[in-house]
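What follows is chain A paired twice: with chain B in the first complex and chain C in the second.
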Partner chain A sequence: MTTTATSRPEPGRPSVAVWKFASCDGCQLSLLDCEDELLALAGRVRFAHFPEMSRTSTGGPYDLSLVEGSVTTPADAARILEIRRLSRRVVTIGACATAGGIQGLRNFAAAGEYAAAVYARPEYLSTLDTSTPISDHIEVDGELHGCPVDRGQLLEVITAHLAGRRPVLSGSSVCQECKARGTVCLLVARGTACLGPVTRAGCGALCPSLDRACFGCFGPSDAPNVAALADRLVGDGHGRGELGRLLRTFNAGAGPFAAGSTALLGPDPEMGSPDHG
Partner chain B sequence: MDTPTTAVIDRQGLDELLAELVSRGYRTLGPVVADGAVVTREVTSCVDLPAGWHDEQGPGRYRLHHHDGNGRLFAWAVGPTSPKALFFPPKEVVWRAAAGENGPVPVEVEGDDRAVALVGIRPCEVAALRILDGVLSGGAVTDPGYRARREAAVVVVAECGEPAGTCFCGSMGTGPGCEAGFDLALTEIGRGARWRVVVRSGSALGAELLAGITVEPITGTDEEARHKVLASARARMGRRLEVEGLAAALEAAQEDPGWAAVADRCLSCGNCTLVCPTCFCSDVEDVSDLSGGLERRRRWASCFDLDHSYLHGGAVRPTVQSRYRQWLTHKLSSWWEQFGTSGCVGCGRCITWCPVGIDLTEEATALAAGRRTVP
Partner chain C sequence: MADDVRSIAVEGMARVEGEGSLHVSVRDGAVADVSLDIFEPPRFFEALLRGRHFTEAPDITARICGICPVAYQTSACTALEAACGVTVDSRIQALRRLLYCGEWIQSHALHIYLLHAPDFLGCADAVELAERDRAGVARGLAIKRTGNELMTVVGGRSIHPVNVRVGGFWQAPTREAVAALAGPLDQARQDALATVAWVAGFDFPDVESDYRFVALHTGDCYPVESGRVVSRGLLDATAEEFSYRVVEEHVARSTALHARIDGELTYLTGPLARYALNSRLLPEVARRAAAEAGLEEVCRNPFRSIVVRAVELVFACDEALRLVEGYEPPDPPAAACSAPDTGSVGAGASEAPRGLLLHRYELDGRGMITTARIVPPTSQNQRAIEEDLRRVVTSSLSLDDPELTLRCEQAVRNHDPCISCAAHFLDLTVEER
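Let's turn to the complex of A and B:
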């Protein structure tokens, strides 16, 4: 690990910094959403930089940096190196930071295509051709998945950091949480295209419990077999285009999902474009 | 007073039985149609039960159909939930401590400690509970929570008249009839206006319950009807598995290329192990909270998890092939060595609820082919 922070953590309350890259702020908001625990949390850590919460920002070094968002501009590619240098631990939070997010769709399209479609004067933009996870740029100490992240997992990561223990996080499938919850499987009992079997646990199988198939917002599990799931769903009559686009949502750029969607959609960038309803 | 051990009841008798269990304070659980499947929920009368419902099960597929007017309450096979979850819950806090001045102070973990009455579980599930008892209570180790919940429970089994396309209890010797392990056993005979249930008691409590409800004496015709229902069910098992020589054959098949072929299709999702009524693997997790409280939790785990076989430095079963092999050989082969029984009761859940429909009977048969030694 490249620990570049030089000073030791300040005695007393450890400092936490929350950083934003290309993202919607939803993951940071999950932290503010911890209403019941927020006071206890504020008693244990010092938020040295958390613009969503306070305008006051103190300089580094930081004990723990939580990084939201993906790298999409040359400026951000430089900024993340500086954050790493100032932080003892870096934990990335959310689908953007861990897999490139929805904006990772640009990785499948010709450079500049989206910008030209959306902006009147795209030449004013200074962006990279890709949206990449933070771990493509720096060494990270931990990753929290999800769009947005699960509040409980976020608290667990901070609490574990404070206690000096490993956070309890699972790499198994959403299906296991679905079964533990006693939800009737939507795929087996109804033929719905559910990504639960290849998606990382963590949300508690939220969507299936609300009668909605999993769309993979936690990204690939530890050992996903996307091709075999796709085979079954295609056999059930689901379209290759439908399934490919399902994989190209919040974690389009995550390795196994990207390979799976490309196998389903082919290399034609048109089919992966965001114009599906 | 002479209490009959076998009798016949109608809906009134069954309603009285349910009401009696509820009034004795049992958390009375029975089959209910919810979310497109027969699942286990609290019930208070026959109105809650799946009248006229029938299931269609195949590899990776489950659908319910309704047949109006036949009035049968038990014309379906096992659904996705099994009694395992009631005695060995998916998540359980096993120890808790609050922050104290001189360190953590243990506090009691409270839960729903009402005894459970299970109405309408199937013979394969009774067999599965017997197997789980051997693993979690009375064997090498005893789980006190499991044991207490099991000992307090009332079991009212419903023998099977309509096995599903994925059932093979007939091959495993665990169904469709049931001879032990229950307080009361029910068998549906007839339909429509002639619908009746044969009731047999299998314990002192069962006999006591039977004595308290409206029954008719059983006739020879009723006995015969019960045997016909079971014989017909036995003849209509959706699947079969030849168990003769299977355990040794699978042990000899460790290096078969067939494991790689099934691994290509397997999602490693773990659904099979969690729906299996005998799988007992769990993880224990220690967590702390912001106030200094501590908790030790146990949750279901699966040998399909990569980290389930994690030792220092890496997973012992890093490939899907090795994990699928662990699952199948544990159920059908090494369980014998470990616990002296099969780990599989032929309920078919792992076949139905596998998202890609991998069929344990088909895989085991293919892997054992040519390796069975006939004594």
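Let's turn to the complex of A and C:
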């Protein structure tokens, strides 16, 4: 990475940088998926570093850095410090950047086990035994959750941070969104193992509207009661293995989900019993 | 003789999905070494899938790639349905193909307009291109939006759709919602035809390669979500049989597991391969567009892959329109799937926008995954891309360094590599700079 501070933000046209760590590219793709807004946005801000979009890259400082992905290598642990140094504001986007992502499942496994399972020659690798959110490494100015993030929320976050105001994002649960759109409660009506009561709003209660239980891709809501939900679902006949795995996906590393899954599964790295709903 | 050594290095290639770099060295006027290195951190999907229930694989593997999640979901579903001994009915198959067309439309439009065309027109990116040709870029974005709309109607959302499950879908979209796609798709098909004419006018370096093409083939339609794995004179295999033929090697310097057939043959998947093996199966509108663009039944110039991709864009819009018009909601929306209590094995292959994607799973008697193997397009194509680089550099030595660098980057982007995909089992060699 070349990070020489050679240019200053143009007055009135803030500079935005987009950075990738361990991730699937989907959250920064959300930006390119703003088909109706992309060209207008490019007129309002200067994309100073956005390799997925442009060959041109200018050095910092940057007014706003959007960071996708989690920290999984020693080099990336160093790179994020440099990005912090060069950025007026750092906002992390997506489950990898805010919670460690699906690759964070290695945090629950024995050290070195994953590399040995996938690679013939694990000694070639230079990778950490953990996948950690960006906020474990630097102070961040904002976090946008979701796997992937919602496009509308992403635009809100960009405009809010550039305007110096707080983005308008709900900390309530998917349950609230289900009620708002009038979707019949899958958990109450059918006893389906739904994470809606403990999952952050933002998707518009997409899965329940498709007859599918919420699987928590936006991570925990503010002050979720995971233990109470787990007790209820165990009482409804769901297995602890099934429920533990449900909490151990893209936001497995988020505090309330990690605590909930560990309480359900214990220290067993085998991910619990095979029961499923 | 330092003067005789010339090296081209691009650290952090732009306008590709994921993080990769490119190194070429030329010694005494001949290409000494080329490598496409991938420094995307590995994410260990094969390891983290072990111990998961088979029904979880489509959502987990979708997270390998945000650009082609439907490819991952589809290959996972077909592999796991095979493991369960289930064949989905024609309505589910048609809906799956429709969703996949949406992914082809958004991914091909993204690649043509935002990632690849700027190279041919001397622009750093699509924003700069829009300063010259705003209507052109707007056309590309409109096509892309239609692909995303289609994915949203069928899949719930365009990045990591939520409506896909092993056996089919959680809920069949309504007839009304699907019918409403016809207008935008008809417009997208017209825009795709304009795209073919637009890219056909680009300047293409005169380079041809003797590729060994590998693609799916069905015999009665252009391959998307299913088919046998075919290579002329070499291969006509089920996904399961193919999984034994493709051998991957973990090499220190090249950073990826390199896939080769029978452990020795380099091959190419993706639009050039699909087109070469299936161009006669394209619908009339796409075949005519290809002919007008000067394409023959096989195209071996990698730089003209942008034309082939545009022809496939016409196909995907036309095919989606056909499927929309014939849509019958599957009822039930998914076939019941349960894993045999004796344990089982299943493989599935589909055509991701950038090439063949193979999944293979072994399940225990409880339906838990014991072994997962995923062979993404970019690891299959990596050797072919490096051979292209060697050929391109050899024929472009008269260019100055900035021009040669751009030409090399373009040679990589010709194949729309998805480095995020490849990285899940990559050897990581971070170069400390």
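Definition applied: the second predicted complex is superposed on the first by the 261 of 277 C-alpha atoms of A that agree within 3 Å, B and C clash if a C-alpha of one lies under 4 Å from a C-alpha of the other, contacts with A are read in each partner's own complex, and residues count from 1 in each chain.
Here is the rule we use: a residue touches a chain if its C-beta (ideal position, glycine included) is under 8 Å from a C-beta of that chain, and two chains touch if they have at least 3 such contacts.
The structure presented is a predicted model; accordingly, all values stated were derived computationally and were not measured.
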> Are chain B and chain C a fit on chain A, or do they clash, once the structures share the same frame?
Replying inline: fit
> Using only C-alpha centres after the superposition, what angle do chain B and chain C make about chain A, to the nearest 10 degrees?
Replying inline: 110
> Is A:53 contacted by the first partner chain B, the second partner chain C, both or neither?
Replying inline: second
> Does chain B (first) or chain C (second) touch A:234, or do both, or does neither?
Replying inline: neither
> A:259 contacts which: chain B (first), chain C (second), both, neither?
Replying inline: neither
> Which holds for A:32: it touches chain B only (first), chain C only (second), both, or neither?
Replying inline: second
> In the superposed arrangement, which partner chain does A:197 touch: chain B (first), chain C (second), both, or neither?
Replying inline: first
>> Quick check for you: in the superposed arrangement, does A:168 touch first (chain B), second (chain C), both or neither?
In response: first
>> Looking only at contacts as defined up top, I'd like to know whether chain B or chain C touches more of chain A.
In response: C
> After the two structures are laid over each other on chain A, how near do the C-alpha atoms of chain B and chain C get, in Å?
Replying inline: 11
>> Going by the contact definition given at the top, which residues of chain A touch chain B in one complex and chain C in the other?
In response: 211
> What residues of chain A sit close enough to touch chain B in their complex?
Replying inline: 37, 40-41, 43-44, 155-156, 159-160, 162-163, 165, 168, 170-173, 175-176, 179-185, 187-191, 194, 196-198, 211, 221-225, 228-229, 231-232
> Inside the complex, what are the residues of chain A that reach chain C?
Replying inline: 1-2, 20-27, 29-30, 32-33, 35-36, 38-39, 42, 47, 51-57, 72-73, 75-76, 101-103, 105-106, 109, 113-115, 117-121, 124-127, 131, 147-148, 203, 206-207, 210-212, 215, 217, 242, 245, 249-250, 269-271, 274, 276
>> Going by the contact rule set out above, which residues of chain B touch chain A in the complex?
In response: 34-37, 39, 60-63, 79-81, 85, 90-91, 264-271, 274-275, 285-291, 299-302, 304-307, 320, 352-353, 355-357
>> Applying the document's contact rule, which stretches of chain C touch chain A when the two form their complex?
In response: 11-19, 40-48, 50-53, 55-56, 59-60, 63-67, 69, 106, 110, 114, 118, 124-128, 130, 134, 137-138, 141-142, 144-145, 148, 156-160, 162-163, 165, 170-171, 249-250, 252, 364, 366-368, 409, 420, 424-425, 427-430, 432-433
